[in-house]
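Lettered A, B and C in written order, each chain numbered from 1.
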Amino acid sequence: MFLQQLVNGLVIGGVYALFALGFTLIFGIHKIMNLAHGGIFMTGAFIGLYSVQAGLPLWLAFILAMVGAGLVSVIIEVTAFRRLRQSGEVEFSALISSIGANLVLVSIAQILSKTQVLRFPFDTFPVVIFKLWGLRVSALQLAMAVLAILLVAGLSWYLYRTGFGRQVRAVAQNERAALLAGIRPSVIYFQTFMLSGMLAGAAGVLVGLAFNSIHFMMGDPFLLRGFVVVILGGLGSVAGALVASLGFGVLQTLSVAYLSSRLSDIIIFGLLFAVLLLRPNGLFGQDEAGVLRGRR
Amino acid sequence: MTDLVLEHVHKNFGGVIAAKDVSMRVPAGRITGLIGPNGAGKTTLINLITGMLSLSSGKVLFGDRDISAEPADKVARAGMGRTFQNIRLQKEASVLANVMVGFHRHETCSLIAAILGLPSSRREDALLRQRAMALLGRFGMAGHADSPAGSLAYGHQRKVEMMRALATDPELILLDEPVAGMNDVEALQLGRIFRELADEGKAILLIEHNMRFVQELCDHVYVLDGGRLIAEGKPREVVADPAVITAYLGEE
Amino acid sequence: MDMLLSFRPLFDLFLIHLGFAYSQYIVLRAGAFSIGNVGLSAIGAYTAAILTVNYGLPLPVTLLAGTFAGLAFGALLAIPLARLRGVYQAIASLAFVQIVLSANLYAENITGGAMGFSGIPKLVGTGTLLVCALATIYVMLAISRSRLGRAFDAVREDEGMAVSLGINAARTQAVAYMISGLLAGLFGSLEALHSYAVEPNQFGFHLIIVVLSYVVLGGRRSIWGPLVGVALLIALPEISRPLADARIMIYGLILMAVMNFMPRGIVDTLVARRRSRAATPEVRQAEVKG
């Protein structure tokens, strides 16, 4: 039973990883907390759903959802954040602006869905359950795990093996130096927001399939839990987000299974609070100077 | 009458040595200069003295008090005032409001009085307003009392910083390039005020690039390069010191 | 007369939210990026509700208890939050709100859980609300003109500079947290004793955004900022009633627009413009005189 929940937790952790990576990518590079991330995640789920309802095969709907969510993410960068870079106090303004953008996305989804909870058509994904080593693993869970691994691997390859990725990492390290070296900011912004959106969109479709419910408010609880993951792993750290996501998935699943969902929430957010108190830069995060006040 | 003494102050920023074995004395009643090429670590030293940066090793003594480990706000309350190289004013607040913040360490009315707007708070406020206006008068800025600080000319903004530092009624004043960007007339005015302050018994540490200003005002000068003191003495001697000349030439 | 009376519920809402807005405003003014006041309002509301319904305590006592609960938790919250910077403070305060919400749902026996707490007698009317709102504005004015207001502004605008003047930044912000908690607790209690029932989710993410928007729209520095913010945003649903479904979208667009074009908020921007225009001729004259 415990192992079963462990597996369940890891799978959901993989999906959290997709969500968290997109979020931490933007923060690590642009130092912006993008609270519209939940809305982008939800948008991916909606695009996936409407594509399937329109008759497209699931694999195509998935790709469309990723691309669509990525594009929405880029649009948000242009409308909500671009102009703010010039002013001071970007942190606060960007946060509020992203809240506004999120509300716009949620509102559009609400109107389109007429406030209903939507579901994927019954036969969208084959309901097949494998029995491996005494554990029950559904085909969907396998697909989620595989996709999560593929996407994360893809992201790592992009960040660490391509020229583009190197530029992105350079900007994350030291923006001014990178710009002086001739890296064009608009290209970086486009890529990072696109990537972030694509990952969120993928997570959205997977969650929509896994829990078989898609509604305009589905982004909020994910965003809140995404915070926990991202802080645990250290804002801006890819490896940290990954490890923390898996750990978090397991923690949440186990605490819901053995305690109660209410208590689970208290534990989760209590953990977030405690981490911020005791080890605010998380597992692999940036140096404490960015997080704590006081002298060096 | 409080002297400032640095004993073997050392600061290591994870590999980069910003201050290396710096020992100096800033006596009360005198104007002491600190000069050096750009990047020599002068502002870092000021930050170490005021407690904004922590020391890696060494001591900072203020009078008979060891302030080496004290945080910046405590050091300031001990009687240290400073101005900033890159003018840090509240740009939208009025000149008067900017100066009045300087009185913070001398405010005595209780928090409850402030929150409820009790007469004691209002009385103290009126009193501080008067004292601030007096300061503005001394610096010839009375007409600007209500202007937003950010709208003033550069030289005037430096004066506001000066007034704010003086409002704290410090025993020691650290001036980080106080006359940069000022014309000779304004610089002369300020120089006279510095002399007055020193005569009142305050200790003054002056960082400046304007050599004539330094020579006219300072009783003693320290030269910093690459975090180390490379020379000290009377201004005329120091300026002629070959080590100092080399350090400045290297700047080009 | 009837028409005026029909606006009463709206006016009551305006007064209560004015209190919430000032609770948010005071921490932002001191430069502390905390959005936890909503959680403090929840604590105040439930404290007052439970004491009234379960223990039959009279109004002044329950209000005081709710206010004090807010104040106490506000002070407690300050301790961990004071160490953190910027967005990290915001996240920690968000976690706090979630913890309060989850604990509320979990402690069903005391709080009624997800069903909420109902049957609260309506002991608070427009008169009480008005008195409290006016008192709040008075206190805000008093603070603004005092050493506390100056300390808040200094810490918010440039902490390094404030510290160089001897201001203890952490302690100054702790005071802001306490005042914020006091207001949150008070107006949370007023809300509970005015609305017959409270439920956990009314003090969640949604309210955080609403209250934050009041201050963002109106302004974080001038004390009239929250007033203008609440007035405009409360009036908005009324004005935009025909556009019911798009209301949230308009809300979101307003937030984005304000941050992009008037980041300091309406009142602060107007005040700044008026001041610089008034000062310029004077400055020019003075510079000519030398």
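The working rule: a residue touches a chain if its C-beta (ideal position, glycine included) is under 8 Å from a C-beta of that chain, and two chains touch if they have at least 3 such contacts.
Quantities reported herein were computed from a predicted structural model and do not represent experimental measurements.
Centrality by C-alpha centroid: the chain sitting nearest the overall protein C-alpha mean is C.
Farthest from chain B, judged by the mean position of CA atoms in each chain, is A. Chain A and chain C, compared by their mean Cα positions, are separated by 30 Å.
Chain A and chain B, compared by their mean Cα positions, are separated by 48 Å. Each chain gets one centre point, the mean of its Cα atoms, and the points for chain B and chain C are 38 Å apart.
Residue positions 169 of chain C each touch two or more of the other chains. Of all residues in chain A, those that touch two or more other chains are 294. Touching two or more other chains at once are residues 52, 71-72 of chain B. On the side of chain B, the complex with chain C involves touching residues 50, 52, 71-73, 76-77, 81-82, 84, 88-94, 97, 100-105, 107, 109, 111, 113-117, 121-122, 124-125, 143-144, 146-148, 151-153, 164, 168, 185. Across the complex, chain A meets chain C through its residues 33, 79-80, 83-84, 87, 89, 91-97, 99-108, 110-111, 220, 224, 227-228, 231, 260, 262-263, 265-266, 269-270, 272-273, 276-277, 280, 290-294.
For chain C in complex with chain B, the touching residues are 138-139, 141-143, 145-151, 153-154, 157-158, 160-169, 175, 179, 221, 272, 275-276, 278-280, 282-283, 286-287, 290. Within the complex formed with chain A, the residues of chain C that make contact are 33, 80, 82-88, 90-92, 94-96, 98-99, 101-103, 105-106, 159, 169-170, 205, 209, 212, 216, 245-249, 251-260, 263.
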